[in-house]
């Protein structure tokens, strides 16, 4: 997402030649052992099935080993144990997937240089935008908010009052930081995400709902990534918190005052209710739900589509999802299951 | 969310001094009994754990009673029955949470005054915007739509054709009313919500889908609140309806022609399929699903992550969610469950 | 959604008179048999319950046959078998719902004519917009993207770099195509949808997450429809693909490198994990989940709220959802279910 070529923008200095790297250069840069020609160059990355001779592929999962016989990749990143199965050039890594990820980043399309504020952006008089930050078209930035050095705010983002966008953050496009949201360095947020909307606080009074004011903020640690259309509510009185390096996929809902520990990752469509505390290094599968006001310790894995209703004090794997079966078999299962609930089960 | 300080806006008259209130004033205003110094002032609200001497805290749930011994709050809102456990100043309420909610609202940041139409907004010639309404930057308002007195339309909102935004409504930011959406007074909608998109109507014809035109609207009653990234589709022929004081959390999906009764509240990520009718004063837990074309009576509670597949005619509590267990135990459970579905169960 | 009346737009030529059609005209146009007065006209469509004498209704489901006695509709679309139950004018169709859908489309509000580029739109110098396309207010179009003839891009849409919007596509409003998204002809996308955001690719390295670059695109076939706030991620190395005539409801999440076969339809809130392959002509019920890296064959029906964890090789219906029951009965069921998981079940 770049507005360097948009009318009214200062132009960045885009690299036009596609990048190419020698194997020797890659081996040295990422401290990998090389088998083969150090001066061979690669100019792209691809899957085993689609790679061409000028591209680099990888084998991270032995399950796909049989594809080694068919691939036309010029060079592979793989584990030393796989060498007997591959006769071509190779970069050897204990963790081939991580090594591949770092190499592939070299081939991402060149990003726009910082290019100031697009003339269509609307910025409050007392907001502060670092001269080294980039503010795209149709962005709004509210009172007392600050955008720090190297941050890039893509088209259509709305930043409300009292927010901080840390150094080198990227808000890709149409992100909304409603109020009191503070992002650490290098946070990346995808389109449609909403941080800092009011939490869902209600009190029933004389037959009608009263809104409980939501006065807290949202604090997001360094290196977090937040997926498209994910929502993270502001706290009621204190803050909602993501510690550093938390990774959230798309369409996740984080309720007010939740706290998510460092390095925890959640797949799409997870829902975390208010005031839940999730530990560090947890993995939460897609579509899982976490009840409010409970605590999950570090290094817990929650399986996809499961529902955590009580605190978890022991690291380990937890689940409650039911795999789909052929419908008639499932209907029979349900019928018997329901009988289990009768007061005098048959 | 406020654009009073944005270039091109008329300035509102913001209160800059933080508000403070005496206990006597609060007691009188909210008809609470006071124990302690009527002239003591508080200038903020906080949790029991974080409150300082100039702040007001509350105890709504006896479970947290032990925190009374440690809190430094200057005054507490609590139930008369809790008085023996608290020696400090107190405001007594039969429903401390509702009383606290109303007091806390006094400390919300001062809202922008109505300030006309931001010059970057694009408004159809035959749309009507009340002079006492506020239209923020980069808003679009389509043909024949009306924005009534006191309504505030935040940055980046899109209002299509034939919509009505009622008095004192607040569309926080980036809200989309697609077409034929009528909001009653005081409706509050959070960023990313989409009301009035086409319902999901399809007919299969000669091997391809035909779109069934969606010609109805969306009607939202007074005092409703709609969460971030929630979607409410327009009806196929008649309207989709939320009655007054319905409260929807984030990422809820309401299908075409659904009707949601007054005072019903839904937690995040609920999905209501088309033409479902939900009664008044219902509570729908997070992540629950409601099948289409069924009817749920008044005062029904649906537990989180449950799936309602048939009409419910009796008030009460209903559920089908399965709490997560340690994964090996759950795998054994599943294996035995599946055997229940065999034609000749073991 | 139309900006023809917005300041700065060239005006389209709107039909102001509401459309009316004679029964003879409808019968001929849609090849239906007519019973009744060929010169009778209808000027709208409605439900059986609400239709007036100048309106056309339909009966698609025999379940609603008893409403025939009460309806005031001037003419009905129905199956020949229903004729004995209806004495009024009728258009006879083997598939009354599909016939009704096509007739109802005639009564949709007249759409805006193509009207060029709104002056508030920000379009990259090397982007191409066909003169017969319509670009609404506050749209951004990035480098090297193309918008083809007849396409309509509604207010607030963001189109990033290297995208193609095919002929006669409609992006209703606030749609985001992040990067490398190619839409076939006649694709319709509802507000808040995000296509082409980074897939969720992570590798753990020395205790921290590394982002795996997402370099693929999204390809959407002709005649697809994509609901409000739905997200479809770009592929990691290859593309994420929707074949032609795929129909997605609101708030669906499609992970990177998923492939969805032609004519498959999914109801709201479905989640499809990365690299899943779903066949042609499948129906996926609301809230269902599909695990990653599995394959589902053609003509599979997945029931709502079910969770598919393994490949499905046989056409048919599959499910695992549990219908809600009265809570005490469900609690008893759960207690007995959990005992099933004990090593020595009671």
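Which chain is which? They are A, B and C, in the order written, and residues in each are numbered from 1.
Note that a residue touches a chain if its C-beta (ideal position, glycine included) is under 8 Å from a C-beta of that chain, and two chains touch if they have at least 3 such contacts.
The model shown is predicted, which means the values in this text are computed figures rather than measured ones.
In this entry, subunit A maps onto subunit B through a rotation of 120 degrees when their C-alpha atoms are superposed, rounded to the nearest 5. Although subunit B and subunit C carry the same sequence, what matters here is overlap: shared residue numbers make up under half of all numbers found at their interface. Mean C-alpha position of subunit B lies 26 Å from that of subunit C. Taken residue by residue, subunit B touches two or more other chains at 120, 138, 156, 174, 192, 229, 251, 269, 322-323, 325, 330, 337, whereas all remaining positions touch fewer. The touching residues of subunit B, counted against subunit C in their complex, run 120, 122-126, 138, 140, 142-143, 156, 158, 160-161, 174, 176, 178-179, 192, 194, 197-198, 200-205, 207-213, 215, 229, 231, 233, 237-238, 251, 253, 255, 269, 271, 273, 289, 291, 301-303, 306-310, 314, 316-320, 322-323, 325, 329-330, 332-333, 336-337.
On subunit A, the positions that touch subunit C within their shared complex are 1-8, 45-47, 50, 95, 97-98, 100-102, 104-105, 107-109, 118, 120, 136-138, 154-156, 172-174, 188, 190-192, 223, 225, 227-229, 245, 247, 249-251, 263, 265, 267-269, 286-287, 304-305, 321-327, 330-331, 334, 337-338, 340-343, 345.
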